[in-house]
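Here the chain labels run A, B and C in written order, and each chain numbers its own residues starting at 1.
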């Protein structure tokens, strides 16, 4: 059987009710699951004997700039056994945006979640060390949200005084 | 050089203090490579056997500011890094010069974004701007030669002792 | 002054350093100090800041801080068309510029569904492998310089200059080339460039032998690297490390084999791995990868077919420059493509290539217009730096330098 069929069958049998959408655009399989089933699904994907999704490649978010379900948190995970990269998506809304952290499942997700917090303001519950990673610690805005201008807010980042 | 000819002829030569001091100073400019991003690789390439910066006297690329007199800012300066660059500039002893290497330091370059300083002359006095993204090593050597010409025109008495208040030392 | 203190403060970082105490050191001197290995340092390979808590000379806690080169790539990508972003990808991993270009245009071609002629794919393979050799030369040179052998950086840069001459001939620039286009490459590879490549391939093997002779008979070099910074296999997989660092820990994972892109499945090459996972293994790994790249290049130069170097797809690919100036339709197509973009279908893809530092992945979300809705760059150096805090605990300060050199981060892509 193809890896994608194995994965879809297993997820449907274990988490059928919370699997919202499956998509197969240009050969990439992506599954949308609901927010409260994220940690059980992720644990299942890692520990199942046939799947073994051991490596977390990326955690990021998309800002759709709509009213309801503004953000989608996207996880890319890889299995050495099946040689397959899977995409998991979770839709969350903006009041305020928060989601469970998967750092206790995949240790590599640590810095990716910090980066998503820094850029979008999504809070990861139970993250061991949620700080900003790129912008300075006291920065008040979230740069990759759609309302933040490309040139930045003047005065938000101070420069040293001109010398001489 | 004509130095040996003069010495063997008469046994002494006369010159002004300015000329001797500026000759010594401009032929031994020690750069402080503030290598931040891509331009840093071209700066290392300017020091490699093909483009040899050592023949201009800049053999010693020390990474400590206390021993240098020329700061080559090579790479994009972000707001967070600007504080660091300014601090290192303050730690360099006088007289000091600055080369802004590349487009990113001259004017922000191709990065019109929220975190890039659009030109380091917003917080540092720059002597020579170098164009290119990244500038070829020959371009950096040309900038170095321009700085050497500029140093050659200073008189030694321009660098008399100045007190700390006059220098606007940023104690931060 | 007040605003400075609010924005640039280190309280949370120092709190994390304080809480990071799960290491027991033998012979505790009870003389702890917190020092800053600042962003400006000769051996941190760019602007990486490390705050170390040391007990004598042993590191008991380490917190890295990034963001000193954060240029806002992802925000800028949302405001420019796919074609305009190609020069920006050059500056991600600035030691291997062609590989980044190839990775990005492969992602856009996957999203838009554009087929590329075979000769263009072979040319992309040739320049990717030359870039890989150049990047590994920089890595080996600066690594050896950090550890103390300063001659190495001069020798490796001398070899690298030959490769940069080839890039100069092909793309017009030594360094940041922007050579690939969506649908092919910008220009063809001519006989002079092929002859220069063959010359480089002949000269690089004896040069690598010379460099090995210089370093490996040096007792100090071996002692400084052997057994330092051991990264076990399970930790490497759990942390998401890719590239030579993963292969030097024993995992045989190379995207050119696992998920072949371009025409790597027609080329015969080995994937070197080392089981030890220490700094010396990572050094040998890079040397072996240079030799494998030489093999791949020889095969590519033999197998390259004749043909076009850019696809003939007027709605998605820019036409030839000579035709734009003489024919009407090509002019109109060029205008539409440059002003309104290639307009791929709505959807999202993830596409990864094997960069010299690891796996460079692009996750592009498109909403049907000429500009991406979101572009996320999965940069290998960002992931590889996560291993730093685990590897440096219990090591001495000079070992920290050796470990950073062997992990080989490039801050241009770690900070995006």
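Note that a residue touches a chain if its C-beta (ideal position, glycine included) is under 8 Å from a C-beta of that chain, and two chains touch if they have at least 3 such contacts.
Since we're looking at a predicted model, the values are computed, not measured.
Visitor: Pick out whichever of the two, A-B or B-C, is joined by more C-beta pairs in contact.
Guide: B-C
Visitor: Where the centre means the average of the CA atoms, what chain is farthest from subunit B?
Guide: Farthest from subunit B by mean C-alpha position: A.
Visitor: Let me have the rounded angstrom distance from the C-alpha centre of subunit A over to the C-alpha centre of subunit C, please.
Guide: Going by mean C-alpha positions, subunit A sits 23 Å from subunit C.
Visitor: From the mean C-alpha coordinate of subunit B to that of subunit C, what's the distance rounded to whole Å?
Guide: 30
Visitor: What whole-Å value do you get for the distance between subunit A and subunit B if each is reduced to the mean of its CA atoms?
Guide: A distance of 45 Å separates the two centres.
Visitor: Give me the residue numbers in subunit C that touch at least two other chains, ranges are fine.
Guide: 4, 8, 67, 70, 72, 75-76
Visitor: Counting only residues that touch at least 2 other chains, which ones in subunit B make the list?
Guide: Only 80, 83, 112-115, 172 qualify.
Visitor: Could you pull out the residues of subunit A that touch at least 2 other chains?
Guide: 134-136, 143, 148, 150, 157-158
Visitor: Using the touch definition up top, name the residues of subunit A that touch subunit C in the complex.
Guide: 23, 25-26, 28, 30, 54-58, 60, 62-63, 74, 76, 80, 83, 85, 87, 106-111, 115, 119, 129, 131-139, 143-144, 148, 150, 156-158
Visitor: Quick check on the complex: what are the subunit B residues that touch subunit C?
Guide: 34-38, 40-42, 44-45, 48-50, 63, 75-76, 78, 80-81, 83-85, 88, 110-116, 133-134, 136, 172
Visitor: Which subunit A residues qualify as touching subunit B in the complex?
Guide: Listed in rising order, the residues are 134-136, 143, 148-153, 157-164.
Visitor: Can you list the subunit C residues touching subunit B in their complex?
Guide: That would be residues 1, 4, 8, 38-42, 46-47, 67-72, 75-76, 87-88, 91, 94-95, 138, 153-154, 157-158, 160-161, 164, 174-176, 411-412 of subunit C.
Visitor: Help me check something: in the complex, which residues belonging to subunit C touch subunit A?
Guide: Listed in rising order, the residues of subunit C that touch subunit A are 3-4, 6-13, 16, 66-67, 70, 72, 74-76, 79, 110-111, 113, 235, 237-241, 251, 253, 258-259, 347-350, 352, 359, 361, 363, 365, 373-374, 376, 378, 382-383, 385-386, 415-416.
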